[in-house]
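Pasting the structures here.
Here chain A shows up in two complexes: once beside chain B, once beside chain C.
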Partner chain A sequence: MKAAISQGRSATPATRRGLRPTTLVAIATLVVLAALPLFAKSYALTSYRDVLLLAVFALSLDIFWGRTGILSFGHATFFGLGAYGMAVVAIHFEIDPAWVSLAGLLFGVGLAAAVATLVGYFILYGGVRGAYFTIVTLALTLIAHHVAVGWSDVTGGDSGLIGVPPITLFGYAFIGSTESYYLALAVLTVALFGSMRLLHGRLGLVLAAIRDSETKARTLGYRTDRTLLLTFVASASLAALAGAVYAAGTGFVAPDFIALLLSTEVIIWVAVGGSGTLIGPVIGTAIVWKLQQEISSISIAAWPIALGSFFILLVLVFPQGLPAYLLKKVRALRSGKGAAP
Partner chain B sequence: MTPADIPVLALDGVCRNFGALRAVKDVTESFQPGELNCIIGPNGAGKSTLLDLICGTLPVTSGSIAFGEEAIHGLPGDRIARLGIARKFQVPTVFESLSVLENLQVAAAPAASATELERILGTTHLLDDREVEASALPHGKKQWLEIGMALAMQPRVLLLDEPTAGLSVDETRDTAQFLSELRGSVTVIVIEHDMAFVRDLAARTLVLHLGEVIASGDFADIETNDLVRDVYLGRK
Partner chain C sequence: MIKKTLTRRQTLGTIGLGATAAATATLGMPAVLRASNGPIKLGFLSGLTGLETILGETQLNCFKLAVSEINDAGGIAGRQIDFVVEDDQTTTRGAIEKARKLIAEDEVDATIGLIASLTHVAARSVTTPAKKLLIYTTYYEGEVCERYFFSTGQIPNQQIVPSVDWLTANEGKTTYVIGSDYVWPRKSAEAVKAAMEAKGGALLGEDFVPFGTQDFGPVFDRVKAADPDFVWVMVAGSDLITCLKQYQSFGFKQQLFSNGLDELFSFAHPELTAGTISNQAYFMNLDTGKNRAFKKAYGEMFGADKPINAIGEAAYDAVHLYKLAVEKAGTTETEAVIDALGEVEFDAPQGKVGFAANNVMRSNSILARGNDKGHWDTIDNFGQIDPLVPGCSL
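So, the complex of A and B:
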């Protein structure tokens, strides 16, 4: 009785828009990306390829964070496991060059999936959510980084591993910058449309329900622990796929592929593009990358400061991400109520 | 659903403590298939806690709860829900970021037909609000939506915690009408504070006080029970 009667009659019902503008933005973005090699120099294409793969990485985080509302600070672990998995298989084992890429991809993604399942099972089934989840996954990245630096026989220690061959699939090697760019674009396209298809369906609805009230979702019969774990593992596997293809593109792996800084950066890419939108993080990655180029060219020290400041703003001012924050401001201005937060 | 498909819900010596506080004390009751039951009692009597124990949101401290042959205390809440036990919380709990229709879709089985959901929208007076985001609904409509979600599960047992709180007189009458219509097809346990409403329902009534069932039976008998008058009805 005491808690119940707060009549919220003020709200004018906000109707939901049926159309999904994000799908249109996604298609437009991919069309532009597909045409890019016609205009770009070949050395620039390798940078763009890396950005596309980092965008896949950002997408992977958005699948989990954007949809469940639970922030993972551990996604660099999975990106790094994919990259190191690929590198270790390619460098330490003598596998037929025609198959080594596939073996590396499977090993890297499998490793990340296994770690995500193990860690995810204990923390998600243990009821760990919210900030505690973020802290545990942060610790995971620290541990993974230490292993990458310390286990130098396998990982090459501080200097990492050099000589990861380009991706070769069924006898075709993606060696040139154009070929490897289109491979990265293909990975992004499949990942983007695959995740949109899944998350715009019933699974997306159930994840939104769990984010709003997990207790309620459970009283409706959903095994919420399982749904969250599966989403986490899928998200980690995609991060690892991005990492593995990234390592094959650059030809090397280094401990910064599996470091806290990368975990932080990917959160920022997603936040800049708008978490939960899937295409937003892809665009966010490109924007931040461009900004980094510009700012670093002025002063090397300026970039980490800009990054740190943005992160603090993110936590304190716009936890829903930049676009959602701006959209709210615009709506508030339009409805004439002023810009209340 | 006919009563034959619904098992008896039986509580045996059910207790729940919060630290030193004994919120539910030794409750032994059974709820017959298709029967409409009311629980009344003053604030803090343990009514909501009792429903939490049945639907698995809280574990029992001791005692047992059986749904037919199956012991359900100790099962996770989602398992209990899948047995057909649906719950409406005291503070309306809906998925705020989803539309009314999406809320019902989440609650219903994936195979639920559009006409079935339409029917529930009709029953809950939400036909014109289907596209509205749940966070924008007024309190009363959230109550209805949560009831609609419980119905969408096609439950065998429906646990309703103060469904009429914040509703207008007309809406309260509607709710009473709608609960009466469920008689015989769903076992209903409804917590209420509104005595006129409980009188209207003329259902089997349990009176809870300090965690214990101090009386049970027809509301007419309950109303004349001296003990009940002292602890509860006498307040008015």
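So, the complex of A and C:
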């Protein structure tokens, strides 16, 4: 076993080399984020808090897509389940305010984990991979969206639910913009370093092996179905956690939290930041968010068009993500120069 | 978030008041206000894209018309009005996020607009806790009782109840409600039911469909089976057009009533609205001098032959009432403006209007039938009605 792992490492030197810079970038990013409240106005801070949670959401997709190479088009389902789980528990049940956040978090994340396990079991153990996996998960978002809109007694229908209380943990309420910002940052930090630690280790190598050739990995004795399912469920749970904290932060849920547009957006965030890098999607989310602000202030209708165009480019020109594409170009340019003289 | 902003604004307000008090003795009010702190800032928040696109633009135009009239006449007590336009996309998310932006980033003195009721619920969840003035300009389900919330559109006792009186007397005692699935149709259906029963009639059934519904067939089948004397439609925005088209092709004999129909629908689709009945506080056909001047000014600014509806007229009234209240209060400080809003009266295109003690505007109630030219012919004008919000006095 040990030999296999070290062999795996030497077989994929890129992972080993790529490990250090991303960790450094991650630390640098988090330090900047931690200092942000000193400079930002309180209104801007609530926006930044939302971006941090969306970044956690992007990170959750990257854990699965970036590492296994299997694209989930249904991640908004899990984000939405987390958010709706939180909101439904907080609004429809009369729970002691001190415990309602915890109950909501558990319910939201539990719901997403259960759905991910159920769906993931049938499609992953059923051998569904590649484009078919993407299509099945896309359908999942559509179904979830219909439920959110149609089941209006519980979900509030098109209007959603308003009045989700802020996160309260052990008697401390994260009400102010600074407090809730640091809560979001804490979630991001734990999620980021947790996933880095896991994925830079043995699990990451197994997933890389599956991505390169699932048959080979299976031949070597890895239970690839189970590994994929566990990763999928972990990824979905993290997405739900982001959704639940997001709903508590903004104070409401609406059907756009569980829609196809959000599923598409999260793929873009990951692609812009570079899939598989973990910190990349976090930065990608921030960049695209800023871009969205700029573009929608020119015209609201321009944003979906820009998004769609970028998505086509993504599929046709840089399926590995923007940074990987640029890096390749730069390398090609360098080696081209090196060869010329 | 809000706390910080409030403190700053309050400080500004206090400084402004101090300056006002100090200078009043020598200079007189308007000059002082001009000197106090520059232009007055209004936020316009509504559905400019999405489901209510059809209504949002006219509402914005009427808002702009009122602002330009006021600015051309020297502003509010000498201060010009600046405004920020935000699109809520007719979503809860859009309304909450944009209301937050208007209050915290743009620091507007008041927010005016909104169409679909889900957006007033969403926007209020921001403005009321922040103690900021919000004026809603669309007919709605009523039942709101908040100091910081005013409305210039009709509520059920001004729109639904008089309509039911006429409909039960002339069309029959039973109806069936088809509505979009959100707060306005759902709560209004309760008002329809109560009003029908008070007249010895009955609501035979109600169906609520999600936004973007393409096929009303299954709903119409149930309506056919229930066989009401008339059909009551509260489908919102562009979905209403889909609904009307299919209603026609379904070959219903029953009269269609919709308190969501107005000139914006009938100008675009006179063939669909001809023969239907609606009730609004304002129709373009209203023959008053003020209305003629209003239509002329609107035509000059945005093009003649453009439709204007009750929502637009109510937005126009809202800006003017706000102006009068600020002048009366002598400040833009929210609490003082709110106190003054209850005391001012505006000579609006629909007639003299002002707010009742429940912050809802006293408005007209006109029952009208669509004609084939896209206008609405008055069937019965119930005149101005005082708004009733049970248990609400602010």
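Annotations
Going forward, the second predicted complex is superposed on the first by the 318 of 341 C-alpha atoms of A that agree within 3 Å, B and C clash if a C-alpha of one lies under 4 Å from a C-alpha of the other, contacts with A are read in each partner's own complex, and residues count from 1 in each chain.
Everything that follows uses one rule, which is that a contact is a pair of C-beta atoms (placed from the backbone, for glycine too) under 8 Å apart; a residue touches a chain by one contact, two chains touch by 3 or more.
Fair warning: this is a prediction, and the values are worked out from it, not measured in the lab.
Measured by the number of chain A residues touched, the leading partner among chain B and chain C is B.
Look at A:194: by the touch rule set out above, it reaches neither chain B nor chain C. Once chain A of one complex is fitted onto chain A of the other, the partner contacts of A:165 are absent, as it touches neither chain B nor chain C. Contacts of A:110 after superposition: neither chain B nor chain C is touched.
In the superposition on chain A, A:224 makes contact with chain B only, while chain C stays out of contact range. Of the two partner chains, chain B is the only one that A:205 touches; chain C does not reach it.
When the two complexes are laid over each other on chain A, chain A has no residue in contact with both chain B and chain C. On the chain A side of its complex with chain B, the touching residues are 1-9, 11-16, 18, 202, 205-206, 208-209, 211-213, 215-224.
Interface of chain B with chain A (complex): residues 43, 55, 57, 76-78, 81-82, 86-87, 89-99, 102-103, 105-107, 110, 129, 131-133, 135-140, 142, 149, 153, 162, 165-166, 193.
Residues 1, 3-5, 48-49, 87, 89, 91-93, 96-97, 100-101, 104-105, 118, 121-122, 125, 180-183, 208, 210-211 of chain C touch chain A in their complex. Taken in their complex, chain A has these residues touching chain C: 41-46, 149-150, 152, 157-160, 162-163, 176-177, 250-252, 254, 256-257, 300-301.
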